[in-house]
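What follows are several structures.
One chain, chain A, links the two complexes that follow: it is found with chain B in the first and with chain C in the second.
Right, the complex of A and B next:
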């Protein structure tokens, strides 16, 4: 464990224990406690990473490897948006309000545990905790869709955990230790043992299933579509990214893909990344449900991260880390907006929606910002991360992959434009007739995230310095 | 055959029994039992690895934690099964097709 960040794990856990007792008399206390805990954590992280003296010093004072702190920041940011949104989204007197916030806070502390762990066993423990809280959160509203999504998620993540356990056992046999550091040392030897690479490959396969990369993507759309509306933002924005994609980036740096010691694994990972970019984007083109289309788009964006992680050069890892953060911002906005649309009109079927632009201008325009960032339009933040990934691919001589990544970026723009036209522009559909804009507190998280998207894009030089520090520390 | 090879032979047998159980049955409960078999086989690998590297104490500690976690995960899964049965009135996995696209 990275002990400097332990407080970010323990404080949400403590709040999660307190909430059911505190909210027994007054349900409102649950909302307040959850929001205050996350806001305090976020303010603390902002002070650690963004105070002027740290920025002027080129982020050299960041504790640990910088990657953990960045991701803990992203976790708290997304979770704060989701809790703030749910506080106004949930109907009054929903029976399991306190349980919902407790689970959300436990999932935040589990995610913090995942990103601060320094050995595979701790990683496994926190990922299982995260999975259990996700099952419960998906079924918050006890709808048939939610339970179906959660069951599919369960049936695919459980074998993935078994694979990770076998990988841990093989690593215990071949390496004798489970820490990240010993794997890094073993991989920097002249000829690393094949069994060590094999154990890492088993663990990698488990995490590929958990992150929903293409051959194993079947659970992702169902879980996102069926989930309770704010929970799908939490799940797509950060949970599956931390429980799957983070570990893939970490393994990619530990296995030293950039110097070609695990060539086959690196090539396989890049191929799967490209495949999920293609399949996700093409499947998103023909969806009729708003949330399901966003889920396929999420698969496609995860493909970019996996592609960059598979390449593993410092520039590519920078792109992967940056795209992970960007994905958390824009996908949260889009899923929260889909939840707003669902609340205002009662459906997420794109064929029934349409013309919401006039009645819901804020929701419409925050969606536009988020989708342009996803498609990689300058000067928004998504442009920079895709640029880094494509530049890294070009630099490594993988011209074909670079061109394909660029082309599918255009397909991304195409399906999002179709979505925007069907939901917000065009003629008014049946469901859109009587809808009004949702209240200001429901819009606040989306507007905040849009501000962050624009700010990250415009203040890219500062952020680049930070990500460069991260990439140097985790690779060297 | 050495004891180690025998271990892994049996473990492979347990895991494939689990996979067969998942493939051959339509009932969600039996699928869960198949998953349990796979997961138990995976846990046996840890104890075998600990024995082989004479690091049994570490392996046992890892395994006990894993068992505890697995119990929690399975409990959550069983709760989902029960809720699913209450809503759909069936435990057939092929009937789980409400979400499509």
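Right, the complex of A and C next:
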């Protein structure tokens, strides 16, 4: 375990334990403690990674492999947006308010545990903690949709856990160790043992289910659509990325996909990535519910990350890491905006909405920034990550995949434009007549994330240097 | 040898308690204690990894899931008490088993103790748990915290209704 980042795991846990006691008399203290903990963590990470001397030194002083720190930063950022949004979104006097924040903080601790662990069993333990907290968070408002989503999430990701633990057992039997390092050494050998590759394939399959890649995506739309509104942003923005996609990128580098040590696995992963891009995008075109459409879009965008991870070359890994961070930013904005629309109009059915731009201009324009970034329109951050992925595919001679990835980017733009037209532009619908813009605190997280999307796009050379350092450290 | 027998008896005792208990919550806790004693047996037979995983997965993760599940259905369970008469035959069966075990189990344990010498790479509980698998302990603490908060999150709503 990366001990340098242990504090980012322990402090939220400590706050989670304190919150129920502190909030016994004044419920407001739960909101304050959760937000302050995450803000302090984020400020600390910004100091570690973004102070001028570190930037001038080309990020060489970043502790560990740099990947963990980057992801811990993304976890804290998304969680801060969600807790800040929840503080104003949640009705006063909700009985499980303190427990909600405690669960959010425990899930932050678990995600930090996932990205800092250096051993497959530890990874499994933290991922299970994340599954338990996600299950409870989805049902926060105890709606029928929430309970259905939570049950689907639980029952469809449970086989994934079973596959991972069987893979871990086979790995312990064949390799004698569970550390990432021993797998890396085993795969560097001239002829890696078949049992080791088999165990890694089982673990990989488990994580593919957890990340909601096609054909294991059936739980994703129901869980995201049914979940308590701010929790959808937490789940789609970061939880599924850490509990599934992160592990896939990590395995892709450990299995040395880049020098063809596990060629069949690499090809299978790329195919599933491409399938996810296509199925997710085509399904998103047909949706009439705002949140469900975002869920299918999420499946499609995860496909890009999996496609790049499956290719495994340094440039592809850079693209995958960058797209994972970008996905956390734009998907958080879109899901938080869907929550704002739901609060203002009482529905997320796109056929009943329309013309919200006049009454909710801030929500409308932050959506535009996020959707353009998702579709890969320059100079926003999503453009650069998709460019890196497409370039890596082209460079590796996989031109068919590169062209398909580009074409589905256009489909992404198409379904998002349709969504924007149905929800925000066009004639004022019945729901738009009586609705007004949500309060400034509810808008703040979306505006902050949009600022980050624009900044990451415009300051791409700096971020490229950072991601390059990460790719070099995790591959070589 | 006494240590093994004691652990075995304890495991059997907790297992029977798990079946006999009136409350599902007690059953779940007793099941966790069975896992703890079984993992201690693993440790003593020089299989610290098996012991640690038994402790982590069965006594830790599964127990939290059971307790969470039991908490969700507790109100329904209290409404419809279960007919438990047939379970009272269990202590009788256990007594018969104990008499048989008195004769047959000591040689079985002696054979297992002989196998212990063959196994290399053993270690103390402390070394295995603290030296090798320390991050898992942190995961366990997180899992317990998550379990408590899940119950705290679900209960207020149910009691209000």
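We take it that the second predicted complex is superposed on the first by the 476 of 476 C-alpha atoms of A that agree within 3 Å, B and C clash if a C-alpha of one lies under 4 Å from a C-alpha of the other, contacts with A are read in each partner's own complex, and residues count from 1 in each chain.
The rule we apply is simple: contacts are C-beta pairs under 8 Å (C-beta built on N, C-alpha and C of every residue); 3 or more make two chains touch, one makes a residue touch a chain.
Only a predicted model underlies this, so the values are computations on that prediction, with no experimental measurement involved.
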After the overlay on chain A, what do you see for chain B versus chain C, clash or fit? clash
Which partner chains sit in contact with A:288 here, chain B, chain C, both or neither? Use first/second/both/neither. first
Can A:156 be said to touch chain B (first), chain C (second), both, or neither? neither
First (chain B), second (chain C), both or neither touched by A:145: first
By the touch definition at the top of the document, which applies to A:20: first (chain B), second (chain C), both, or neither? second
When the two structures are overlaid on chain A, which partner does A:128 contact: first (chain B), second (chain C), both, or neither? both
Touching A:62, do we find chain B (first), chain C (second), both, or neither? neither
Could you say whether A:380 touches chain B, chain C, both of them, or neither, answering first, second, both or neither? neither
Chain B versus chain C as contact partner of A:109, first or second or both or neither: second
First (chain B), second (chain C), both or neither touched by A:165: both
What residues on chain A does chain C touch that chain B touches too? 121, 125, 128-129, 132, 135-136, 139, 142, 165, 172
In their shared complex, at which residues does chain B touch chain A? 15, 28, 31, 35, 38-39, 41-43, 45-46, 48-50, 52-53, 55, 58-59, 62, 65-66, 69-70, 72-73, 76-77, 80-81, 83-84, 87-88, 96, 98-99, 101
In the complex, chain C touches chain A at residues 49, 53, 56-57, 60-61, 64-65, 68, 133-136, 138-143, 145-147, 149-150, 152-154, 156-157, 160
Flag every residue of chain A that touches chain C in the complex, lowest number first. 1, 9, 13, 16-17, 20, 95-96, 98-100, 102-103, 106, 109-110, 113, 117, 119, 121-122, 125-126, 128-129, 132-133, 135-136, 139-140, 142, 165, 172
Sites on chain A touched by chain B in the complex: 121, 124-125, 128-129, 131-132, 135-136, 139, 142, 144-145, 147-152, 154-155, 158-159, 161-163, 165-166, 168-170, 172-173, 176, 221-222, 225-226, 287-289, 292
